[in-house]
Each structure stands twice: as structure tokens, then as C-alpha cells.
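Working notes, beginning with the structure itself.
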Amino acid sequence: MGSVFGKNIKLSLFGESHGEAIGCVIDGFPNGIKIDNDFIELEMERRRAKNSSISTTRNEKDKVEILSGLLENKTTGMPIAAIIRNENKRSGDYSNLKIMPRPSHSDFTAMIRYQNYNDIRGGGHFSGRLTAPLVFAGALCKLALKEKFGINIAAHIKQIYNIKDKYPNDRLPSYKEFVNNYKKELSVFDNDAMNEMIKIIKEAKMNMDSVGGIITVVAFNVPVGFGEPFFSSIESRIAESMFGVPAVKGIEFGLGFDFVNYKGSECNDAYTIKNNKIKTKTNNNGGILGGISNGMPIVVNVAIKPTPSIAKEQLTLNIKTKKEEKLIIKGRHDPCIAVRAVPVLEAALSVALLDLCVEMKGKFLK
Amino acid sequence: MGSVFGKNIKLSLFGESHGEAIGCVIDGFPNGIKIDNDFIELEMERRRAKNSSISTTRNEKDKVEILSGLLENKTTGMPIAAIIRNENKRSGDYSNLKIMPRPSHSDFTAMIRYQNYNDIRGGGHFSGRLTAPLVFAGALCKLALKEKFGINIAAHIKQIYNIKDKYPNDRLPSYKEFVNNYKKELSVFDNDAMNEMIKIIKEAKMNMDSVGGIITVVAFNVPVGFGEPFFSSIESRIAESMFGVPAVKGIEFGLGFDFVNYKGSECNDAYTIKNNKIKTKTNNNGGILGGISNGMPIVVNVAIKPTPSIAKEQLTLNIKTKKEEKLIIKGRHDPCIAVRAVPVLEAALSVALLDLCVEMKGKFLK
Amino acid sequence: MGSVFGKNIKLSLFGESHGEAIGCVIDGFPNGIKIDNDFIELEMERRRAKNSSISTTRNEKDKVEILSGLLENKTTGMPIAAIIRNENKRSGDYSNLKIMPRPSHSDFTAMIRYQNYNDIRGGGHFSGRLTAPLVFAGALCKLALKEKFGINIAAHIKQIYNIKDKYPNDRLPSYKEFVNNYKKELSVFDNDAMNEMIKIIKEAKMNMDSVGGIITVVAFNVPVGFGEPFFSSIESRIAESMFGVPAVKGIEFGLGFDFVNYKGSECNDAYTIKNNKIKTKTNNNGGILGGISNGMPIVVNVAIKPTPSIAKEQLTLNIKTKKEEKLIIKGRHDPCIAVRAVPVLEAALSVALLDLCVEMKGKFLK
Amino acid sequence: MGSVFGKNIKLSLFGESHGEAIGCVIDGFPNGIKIDNDFIELEMERRRAKNSSISTTRNEKDKVEILSGLLENKTTGMPIAAIIRNENKRSGDYSNLKIMPRPSHSDFTAMIRYQNYNDIRGGGHFSGRLTAPLVFAGALCKLALKEKFGINIAAHIKQIYNIKDKYPNDRLPSYKEFVNNYKKELSVFDNDAMNEMIKIIKEAKMNMDSVGGIITVVAFNVPVGFGEPFFSSIESRIAESMFGVPAVKGIEFGLGFDFVNYKGSECNDAYTIKNNKIKTKTNNNGGILGGISNGMPIVVNVAIKPTPSIAKEQLTLNIKTKKEEKLIIKGRHDPCIAVRAVPVLEAALSVALLDLCVEMKGKFLK
């Protein structure tokens, strides 16, 4: 329902871009999880706009205040509420959007849906700023997944515009290798590709335009046999949370759409034994069969569209005059939201997986 | 949860491939909807295996018996239960799969998940046969969507292996044009492409192999302003239901993954006026902005992997001996499940949209 | 939603009194539970109308056909669907109820709610007949609760009209003592009280009238620490399922409404040690503190109103003429539904508790 | 799930008695509702501890800060988050409760449930303080119910210990008459009864003891035909929210448990015409038939147990030594929580009814 996710834990996001505060409540979070504040801060930092040449100039500290659910730095099992005050708002920028809806943005649809009562300033509740509390929630979920199940979540930019990342040695890198990228300007394995991507994004920015991208998110160490068939498949659960992230327009598991280029005999994942564990030789199914984990890494690709808010002049419809007019979008926008989506999509995956794990192992997690 | 879908209507699927019966219950279905039995039969017929040269030789009449929820051929608003008796079972075929799990199939994961108690015969509850009650439920939902909202749902095969369908005149065809294809051997617009696809599938069958495909599903006439941001976005809802269909491994809306090849200025959907209604000139976002419908057709592409059950000899692991062994899969399987997935994915979309519509307009639907 | 119960298991009831069949689907039921058909039959038998002098003359065999979810007499973890064909229908009896709604019955409210499309024959989906599949589902849940947790559920008639049952030795009897009553004509401990109750019911029947009652339902052996505060309290969960049973108008836990007659110092349940386990000396809270089980028996009292369908002449409104008219209700009705509600309320409690247990211990139940 | 209520709106409560803040998020609240801050403040005031001779000496201003979901004093349709900072905490009082659990309180059960990680100070999340955000949420829901449906919610104290309130003229008073009581020291119609109740409570306080009570909550003007049979009955929904309030141990609708004292012919609610509307002559069913509203006031009685935290010396078990020991509870507690439960239970009913109304009429509420 609405901005609430989860069957067993309930993540509830709230706030508007230019309101008092944004934040979240996580109900049903497991008790006894040690809170690593440095890790949380690092995750928030990863999402933050930094290099102004490739991101928005709106730069907020996004300091998280945790209001409940902790005691002596451990989770109590009670709802965890956290808020982030909005500091750097400039509401004047958005005044005309109610009659001049931005193309490919939620302005028009939200206006109809909420009968003109919604807060349109900075996109209101639809703003990418809402991904900050999502990253916070994801950080907590990562801590629980790691402590209780040894599960690790990571991601990299697979593609920006026509530039594709490459894995070293042509195999899925380890969790540690993924994490090493986080120190780089972009979460990309291949440095040449990274530099090309930065160039493309800077060009887009200079041209008052934007570009999109594809992010690959991976969950390592998911136990075998978690999930269910049909509408509670792991794919259904992850897709539900991933499509909750603004600008996501596609999702695929393993080979995904590329399956169409293979024969069954070429892409079936054969079983074998590795280190005394049943594994598959390939992982074309992205770790999921029949909606249930098979013990291989869960591999998800997510398509992010180019930022719709571009500085370039566009045509749109004046809702009042019913005439097309030229629109110049003011405000500060990322030329490529895919860049900052990396930790956000990791968070979305983490929330979906913790929800699944609690369902499988129960509220006591043992 | 499990084989249950929906927040406002609840579709519950049940049954196993080689059990007594398969079926469904739909709770919360709107009252007063006229049941068109010919239409339901037509939908069931579309899913049925027909031409044995491109589909399984298991051919069932799939006669639906409706047990409740109707009176004088109209829905009463009470739960609609329907069953389909299994007739054409050959259980002997599946005896060795518990120790020799089929690659890329649910055999192994279901065994772990259900602690070896699941019914593996014919894939059990994971079987594609369970899509028969889904098509039945979808047919009812289509009737309600049409009667109450004028919404129409249709689909075509966008691609099989390397063969792509083409739209006449390079624009999204109308609902009627989609429906015209249903009389053809495959739901494809371009006859040359269709013949190539049939050839490819026959070849796969002859080679004891299989191929995958991409299906495009479209909802026409969805009202503006239905949906919600974040985890209740239309994309989240549709993805949840679509990934409930076995063998689906990817989903995208509008341009989807192809967004990566565009600049924002090239793919933003500009607003305009058409027939006195606010529309967009292009529909790259597939009818959804900010998780909410914008009045354009909802366009979804779905990737279907090649049937994992192929007759060709494969290697798999013998769970008992822990040795790799050759596996010959018996039983009757479709060389390309994408073919029969067309009405199934329409059904999945119909169920998700009716659930959304009931949420937006309430239980009285007025 | 609607006739669906549960967060972790999903019980979906369907059917109408005079339709083809009634039944249920239970999704998410644990795998590996041994099905004891004799026990199920016994439970169905307990609910069945028997002695026609104190119950309806509509007597159905209520033969349950299980369609899915079992293999070699054990549950597979897949949805369990079961149907009961309606045999003994006499639809002619109900023709005038659409314009002459029965007092205190669902006729009028259902008509408005379902815009006149509902099936009113025999109460349609609102009929007490729908409690037959609930008892079936409850029987399965009892088997799972017993096998996995050692939990036992039982009930007795606490009061019919002004006649109250008495516990032997003034303490809550054991599970076994409760079960011993099941062989009696009524589930009552005190035989004198039972005979008085039978007399009262017969009188009511002779007078073409009806009486109500109070049922006490008990869950023995519930582990400590199951449940949650606020809206997921055990009380909330059990109340949700109990009020799903037709004619239930009140529920209380432990002393319940009688708490008003005590001071805190008189009714607080003091902790002590019994057989090396922490127990309370009294059980005034009915086994639940802060929404969470405390290891004592869960004790629930449920108020059942007198059957609203009485044979005695009543006044009602003719919906068409807008005049009050005399109404003679035909059809066959129990003079005291509380009698047959005993196993039904046990079933409602069983379903709620199994749902809770799966949530606490996870889908693998270990 | 947990501290989250609602199917269509989602109310999420958070916070601990001695933590940073308590608060709530309401997701799915209707857009365009005008916020009456005076009314909200009045509702908060009604719940506040005032007269220290009959309530706790912990007195907080409970100033609500709304963080999101409002624009120009109207709701936007986006999640409404609100926090109340805790000011008046004295955590030292509670240090020994982990080994000396208070009788009839959540100390012991919460400890087991949350594996000893829960915050026990002041009852932590189980504290009655959490009813402050519930009253805030209820105030918003009341505003929406009134503006959109004309529904009004009110309550009075029906009984404290052995003292019963009386309705003037022996009929259910009007909404306005209920509201008139709010100026009194207790929400009671009969002034003699009120004075007796105050005397009883003062005595209990002087004796370091506590008393319980029964509250009657009424919803006026609920439209006919809202609700559903079985587990989505209005009774199920209201009971789920009411049992979310700490110390509630019983609930009944209309005559409730008193039905047992009537014959069907004596308590059936006969239909008639009043002011051209179909009404019932009596309202023994409390406005609900078959789980669906019948247009009469919804009347709910709720049993509140005596405050378990009494100052009087009690015995409890020392969890460590396994010996019974004397316990003196420090801290500040209400001698009769029923007094302050009046607006809390109104809030619980308001939330349940708004959730129902949104389900019936849809997200646009028209």
C-alpha cells in the first residue's frame, strides 16, 4: 500500500522534498542487531550528491536522527523511526509546474491522482530525496542480513548510455571486489569504462540534457530454498521493491531479456558439486528457480531512465490554456540519476530480502 | 503470500499437475458483472496446447466448473471458485526427478523449500498447468475491466529467438488489431515473422531443444491518475503479478532497458491535446509516470526463458551419489512456452489492473 | 479481505448455501503434516446437525473432497483446496426475502452492499453452512498445531440462555476433560446444566423461537513469547477470526468484561514456578499479556446471539411498499446456533493460532 | 503486522516511553482534508493526564510536530508523519523489572518475545504513552470521516468498578450530548455516577490499588451497506484495532454478551421507516448485520482491565533466583486507565472506520 513495503517487516517512507523532514519507520525489524553507525553513515554518503560536475548542486548533509527502536546501540525489535530534516530547499523554483507539467515526470499524474492537493515543490513526495530514508533502511537491513545470514548485497553500474562496464576475468566479481569500487568516482569495475561514463555524463550536463543507465545488484550467500512459487516468487518480491525506486523502468534476473537469444540446451544451469555444496555451473537464472533461491548469487539488472528534469528547453502543455508552450525547468537536477541509484537499489534489494528471510525463518530468526 | 495475489481482490491458485484438480478462488470480485461464457471459453482455448508440432502433446479440455459466486449469469460479489479436473496425467514419467533434478527447473529448489514433501510429478504446483485457472481468472477480470472502465487488454509475441514481430505502420496497433491476431497460429502481426517463428520452434522441437521469447502486453483505455508512488506504483503491482507466471525472467515498461540508449531530450514524453484530452506525443514511459497512469496505453514487455525441460540429453547432479549423471527428461513439454504465455500474461495484467481499479474506485465501483 | 483470513497462511472460504458447492483453499499451510482423516471426519461430525429436536432438520453429509496439497497423506506445503457439494437444498423457501428482509439477518445489508446481485437463497454466502469448510480448515490447523507445537484446542458451552455450565473442582479442566464432553449431546461439563440447556432449546424450538449462548474456547500449551503489541496482539488476531463466524457479537479474554468487578491487587496474575517453568498463579489475563502469550492457556469467551431466523411471526418492512408487514420465515433453522458453534469457534481459534505460529517460527517451522 | 494497522490506510505507531520521541505515520490518508488544529489539540488534551488525584503525575504537553503530508493546512494524500518528543522521563524507576517482572504487565512476555533486547523503561513501546500518537491519528481520521461522510465518533464511560453510567431518557444520546460530557471531569452522562466513579478511583489511588472500567464507543451516521462477511466484517476490523489498545480485554457489539439473556423474538431488530429511511426499531445488533453496517449507530463496548502497575506491594518471581519476592513498583501510574482510554478508543474506532470507508468508496472518496 502506498509508500509502505513488506509483508513481515513494514517499511513506511514519508516526507516531501521541500517539507519539514523526510524519514521512515521500519516495523518488525529483528531484535538484537548491532547498529554500526559508521556503516550507516558510509551508505548515506554513497547516495549523497558529491562531484557537482556529474550530479545535482543541491547538497544536503542528510543527517539521520533515529527516534526509536534502539537501546545501547542494538535494535530492540520495536519500530525504528528515523528522520532527516530538509535544509537546502528553494521552493520558488517550482511555482509554475501545476499548469506546466514537466514531461515524463509525475507532475501531471500526481495532480490528477491527488485531486490537485499534492505538494509539487521539488517533486514533493515523488522526489528522489525520498531515497535517502530508503538507503538508511537498507543499511539496517544489510546489517541484519549479514549478522543473521551472512548475506551481502552490492551493486555496480553496468551501463551508462552506450558505455558498458566489464567484469575482470569475465566472471561475477566477489562481494569484496564490488565494495572496492565504492571508493571510485563511480561504482564501475573497468576504469576506462568509468572514465567514458563520466565524460558522457558531463557532456549531458553541459548540453542541459540527461542520460540513463543499467545497474546490476547482487545478493551473495542467500541460503537455498527461500521463496515461493507464483506471486510470492523472489522475483515478484524484488520487483515490487525495485519499482518503488523513482525512474526504474525495467528489471530482469540473470540473463533476463537476453534469454531470448539462447536455446534451452545452451542456457540451462547444470547442477554440480562445489566445496561439497550443490551449485550450478552457470547462473543464467540469477539465483532463482521456481521463485525460490538455488544458492547461487541473486543477480538483478535494473533499468533507470534518463532524468526527465532537464535544463534544455522543452515543449509541454499549458493545462489552463490547453496550448503547447515552451518550458524551461529550473531547480537542480542530476544529469544521470543512475549514478546515485547504486546504493538505493541495493537498499531496495536488502529490504526485500530481509522481509523474505524473516518470513522463512520467523520473527525469532532462529 | 504464496499463490495468492491482490490487495483488494484476492486470487488464490491451487492444484498440482497430476493431482485431482487445479483451480482458483477470486475473493472480492465486483458484483453485477455479466459472465460471457463464450469469451471465457475462447480465452481458455487460446491457452490450450493445439498444434502439436509447436506445443506439448499433452492436450486437455480444461473444462472449467464454476462452483460459487454467480447467480443468473452475473457475479454476486461473493467469492468465485472454479475447478478444472486433471484428465490426461501420466505420472510414471517423473519418478527419478527427486534425485536427478532437472536443470533450470524448480525440482531442486522446491525440494529444499518444502523439505522433500512437495509433489514433484509434472512439476506439481509449479507446473505451467496452473496458468489455466489464471487465464480463467483473467477472463473474468477482463470482463469487469471492460464493463466498468472500458479497459481492454491484449498481447502479441514481440520476439521468438532471433525473430522479431513488426507493427504495421510502425505505431502501436489498436486493441481490435491485436485481437485479429488471435485467429492466427501465433499472435504475431507480421506474417513473415510468424512463419519464421513457427519454423524456429519446429526446429527446436526436432532438435529436442527449446527457445524463449518476449511478449508485449498492452492495456488500452486505463483512466488517468490511477496508481501510487513507491512500492504501490503500477509497475510494482504489475511486476508482482507477471513474475508470478512461471518462466518469466524480465519485465520492462515502455522503452524499458532501451531507455539507456536515449538522452532525456530524446525520450521525454511531451504533453499535447488530442480529441480534447491531455495525451503525450510519444509513449516511451509505457503509460505510467511516478507509478501512476497518464492516460496512455500501458505497455509491458515480458521475457520468457526457453522451456527448461528439453528432451535432449543433459548433465545433472545425482543428489544421492553426488555425482554428475546424464539426464533424459521424459514427459511432454512445449518447445516454446512463450507461445502459450500470451493469454497468460494478459491474464496476469488483467488481475493486477482490476485490483488497482477496485482500490481506486472502491468496492461499489462507482 | 472479504472471506480470506491470515497473514502467513491464507484461508479463503467460498460458496453459497444453495449453490453448487462450498469449500476453502488454505495457502501457506506447513508441509509434512500427517493428515488424520478420522480426526477430520470427527470434527465435521461435531458440527453436523444431528438431534433434530435441538437443531435444524437440514442434514447434510458434508463430505469433504480434498483436491490439492496432499501427497501420500501428508501435506506438501502447496495450497490445500477442498470442496463440499451441496445436496439438500430447497431454494423455494427463500423467494420473498428480497423485499421482506428478515430482522437481525444479513438480507438487507447484503442487498445494499452487493447492489442487489447477491444470492439470498438460504442466506447465500452468509449462511452458517460456510462454517463447514471452516471446521475442515480448523481440523487441519489443529493437526499442525499439535504435531509441531503440542498445542491443543478445545471448547465447551459456558452458557445457554440463563443456564451456566460449571467446571468440576472449580478449575480449568484439562484438554482431555474437554474432549470427553464431545461424546455428550452438548459440550458441557455439568450434566445437570446440560439437561437444562437441552430443555431450554427444545422449548425455544417448540415456541418457534431461539436462544443464544456463550462458548469458552481454550488453547493449551501455547509457547511463551508468541505475539506482538498493538494491532498484532494475539487478542487482535483471534478477535479478527472469531468475528468472522456468523452470529458472534462479543469476545473477551480471561476475565474480560468481568475485570470491571476487580481491583488490580485482586486480579493481577502473580508469577511463580511450576515444574521448573515460569507460570502465573491465576490466569485472569487468559494467557496473554501485552498482546503476547505468557505460557498459560489462552482462554476466550465468545457471545453468540439467538438465531435471528425464527419461525414465529414477526414484523418487517416491505422494501417495495414501504409498509410494515407480517413475516413468516420458512426454511429449516437451528433454535440455538451456539450448540453447533463449538467446533466452529475452535476452528477459528486454530486458524488464528497456526497463522501466528508460522509467523513466529517461519515457513520451515523449525 | 506489529504496530501497523489498516488495509487501505496504514497507521504505523513508533516510540518508547523513555526514548527520544513517540509518533506515527499515516499512509494513504485521503487528500484535501482540512486540518483543524484546535480540534486536534482538544483531542490530545482529552487524553492528557490532568487531575493528579485520579491520574498519573507524569504530565506531558505532548506537543505534536507534523513533519509531512500537509500543504496550506490541507492533507496532500501523502504519508502524514508526526512526532511527539518525550520530555518528562525518569528512567531510573524501572531498573529491576528485567529480573522482577510486574504481574499482569508485558515485562515478562516482551522479554521472551524480544530475546531480552527490548527497552523495558516505562514499559518501552508497550507503554500507554503510545496512545498519544494514536489519538492524534484518530483526530485526523475523525476530521476525514466527518468531512467526507458526516460520520461522528464519540464515547462515554459506561462503568467504573461497580458504578454504572445511565443515559438520560433511557435512549442512546445524540453525538452532541456525548460531546457535552467532554467538559466534565469524566465523560459520564449521569453526574451522580460520575462523582461516585471519581470517589472510587481516588480510593483506589489512596490504597495504592487500581480499578478497571467499560467504555462505550459509538459511530453515528455510518452509511448502510459498508463492510463484508466473515473475516472482513466490521466487527473483525474494529476488534482488531480496539485490541491494539493496551489493557483492552473484551469487546462486544450492541447487546454483546447480554444477548444470552434474550430470546430471538425479544431481541431481533425489526425494520421500519423513519424519515423516509429504512431503520430498525431497536439496535440490539449495534448497527452491524452480517458484518455490514445497517444504517444504525455502531455501538461498541470495550472492557479495560485495572491498571496492572499498582503501588501496593505484590509478590512476583525473581527470574534469576527463581524465588518469589516482594515487588514494590515505582514510577507514576494511573489508578484507572479507563478514564483516559475514552479518546483513545474513539481514535481506534475512527481509524478502523476510515480504513473501511476508503475501501468502500475508493482512494478518491467519490
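A, B, C and D are the chain letters, set down in written order, and residue numbers restart from 1 in every chain.
The rule we apply is simple: contacts are C-beta pairs under 8 Å (C-beta built on N, C-alpha and C of every residue); 3 or more make two chains touch, one makes a residue touch a chain.
None of these values were measured; they are calculated from a predicted model.
Novice: Which neighbours does chain A have in common with chain D?
Specialist: B, C
Novice: Farthest chain from chain D, going by the mean of C-alpha atoms per chain?
Specialist: Measuring from the centre of chain D, the most distant chain centre belongs to B.
Novice: Over half of the residue-numbered contact pairs in common: that is the test. Which of A-C, A-D or C-D passes it against B-D?
Specialist: That would be A-C, since it shares over half of the contact pairs of B-D.
Novice: How many angstrom lie between the CA centroids of chain A and chain C, rounded to a whole number?
Specialist: 46
Novice: What whole-Å value do you get for the distance between chain A and chain B if each is reduced to the mean of its CA atoms?
Specialist: Distance between chain centres: 27 Å.
Novice: Measuring centre to centre with CA averages, how many angstrom lie between chain B and chain C?
Specialist: Computed value for the inter-centroid distance: 39 Å.
Novice: Counting only residues that touch at least two other chains, what does the list for chain B look like?
Specialist: 1-4, 7-8, 13, 113, 125, 364
Novice: Which residues, counting only chain D, touch chain C once they are in their complex?
Specialist: 1-5, 7, 13, 101, 103-106, 108-110, 112-113, 125-126, 130, 159-162, 204, 207, 209-214, 224-233, 235-237, 239-244, 246, 248-257, 259-265, 267-273, 278, 280, 284-286, 288-294, 301, 303-308, 310, 312, 314-317, 319, 322, 324
Novice: Can you check the complex and tell me which residues of chain D touch chain B?
Specialist: Answer in residue numbers: 7-8, 358-364.
Novice: Flag every residue of chain D that touches chain A in the complex, lowest number first.
Specialist: 1-4, 6-8, 10, 12-16, 19-23, 25, 27-28, 31-32, 65-69, 71, 74-81, 83, 113-115, 117-119, 124-125, 364
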